[in-house]
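Comments concern the structure below.
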Amino acid sequence: MAQAPLKLRDEQAKTAYLNRLRRIEGQIRGLEKMIDDDKYCIDVLTQVSAATKALESFALALLDDHLGSCVKDAVRAGGNVADDKIKEASQAIARLVR
Amino acid sequence: MAQAPLKLRDEQAKTAYLNRLRRIEGQIRGLEKMIDDDKYCIDVLTQVSAATKALESFALALLDDHLGSCVKDAVRAGGNVADDKIKEASQAIARLVR
Amino acid sequence: MAQAPLKLRDEQAKTAYLNRLRRIEGQIRGLEKMIDDDKYCIDVLTQVSAATKALESFALALLDDHLGSCVKDAVRAGGNVADDKIKEASQAIARLVR
Amino acid sequence: MAQAPLKLRDEQAKTAYLNRLRRIEGQIRGLEKMIDDDKYCIDVLTQVSAATKALESFALALLDDHLGSCVKDAVRAGGNVADDKIKEASQAIARLVR
């Protein structure tokens, strides 16, 4: 399957991604506690902005990896797959920007 | 304390906010599972965009409540507090936009 | 008309807003020249990001003024108009964030 | 020069990009007129959001073209240039997202 190679990400990258997501999960649980403890709106909003930025950074790191692996490999292999991969990446970028 | 009135949010609003955050926490855990299961980057990115948008909507709902309660109350009370609250809200909005 | 008081913005604020917009207009014309001169995509994108951020800052300044004048005045006047103004501001903020 | 091939963009693409930018320039001039005519803040903000979104769409179209031409060509040529181009594109994407 083109979309699920045996080694899409090496173990080191996978661990790093998981750690980032677990930190974000911790931020979301922190937000739940803030709401539960009736914390001030503005302080909650500051933490929401931090979590949103952490998610964006995670996405940008993943996208960078994707361009440097899947998209690069597809372009090297040539043919229509390359154009499909580029189109697919552009659409993912658009969803992140908008 | 000006920033922690007895009833900052009513119980209904609090429950609704907590449910939204728990859904987002579920989305983040779903992302961890996707990384763990070596899911395709683009599919992971699609879910990141969904979680980011859910966080933004949560923030906008909270901000709307804040303007309609804390800021409104401060303006009614008059004086410098009102201007401080508006400045504080503007800064929170700027953090969400940038 | 509630939405067009005689002095919505003072002359100084108006001049400052106009100067900001004229600088942004200059940035857009700079972009046209870059495309016309076949400049490198990445350099064009850098300038697009700068113009986008300038527009966002303009919007945030205008919104801050709006909260501190129209919304504040409406809240002081009391009644339904205050809630309408806050709702309207929240919707404008949502359009900026999304 | 790697960054300025004879035909970075064909004439048709160039015309399309210029037309988009001229429409955005028109939107900015429209904003200047709105400020000059003391238009209501919320109506100005709605137009700012529209102009910002038009700039984002312009950037996404340019980026898509860039990935499908410069980046693709660099990957095909192989070597370090490919990785540099991908890194450069990732950084441009990050500037658009943040």
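Chains here go by letter, A, B, C and D, matching the order in which they are written, and residues are numbered from 1 within each.
Here, a residue touches a chain if its C-beta (ideal position, glycine included) is under 8 Å from a C-beta of that chain, and two chains touch if they have at least 3 such contacts.
Source: prediction; values computed, not measured.
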Least step count from chain A to chain C, where 1 means the two chains touch: 2
Centre-of-Cα separation between chain D and chain A, whole angstrom: 23
Intercentroid distance (Cα basis), chain D paired with chain B, Å: 30
Cα-centroid distance, chain A relative to chain B, in whole angstrom: 20
Contacts with 2+ other chains: residues of chain B: 56, 59, 63, 89, 96, 98
Category of the chain touch graph - line, ring, star, complete, other: ring
Touching residues (chain side chain B, partner chain A) in the complex: 3-4, 8-9, 14, 17-18, 21-22, 24-25, 28-29, 31-32, 35-36, 38-42, 44-46, 48-49, 51-52, 55-56, 58-59, 62-63, 65-66, 70, 88-89, 92, 95-96
Touching residues (chain side chain D, partner chain A) in the complex: 53, 56, 59-60, 63-64, 67-68, 71-72, 75-76, 78, 82-83, 86-87, 89-90, 93-94, 96-98
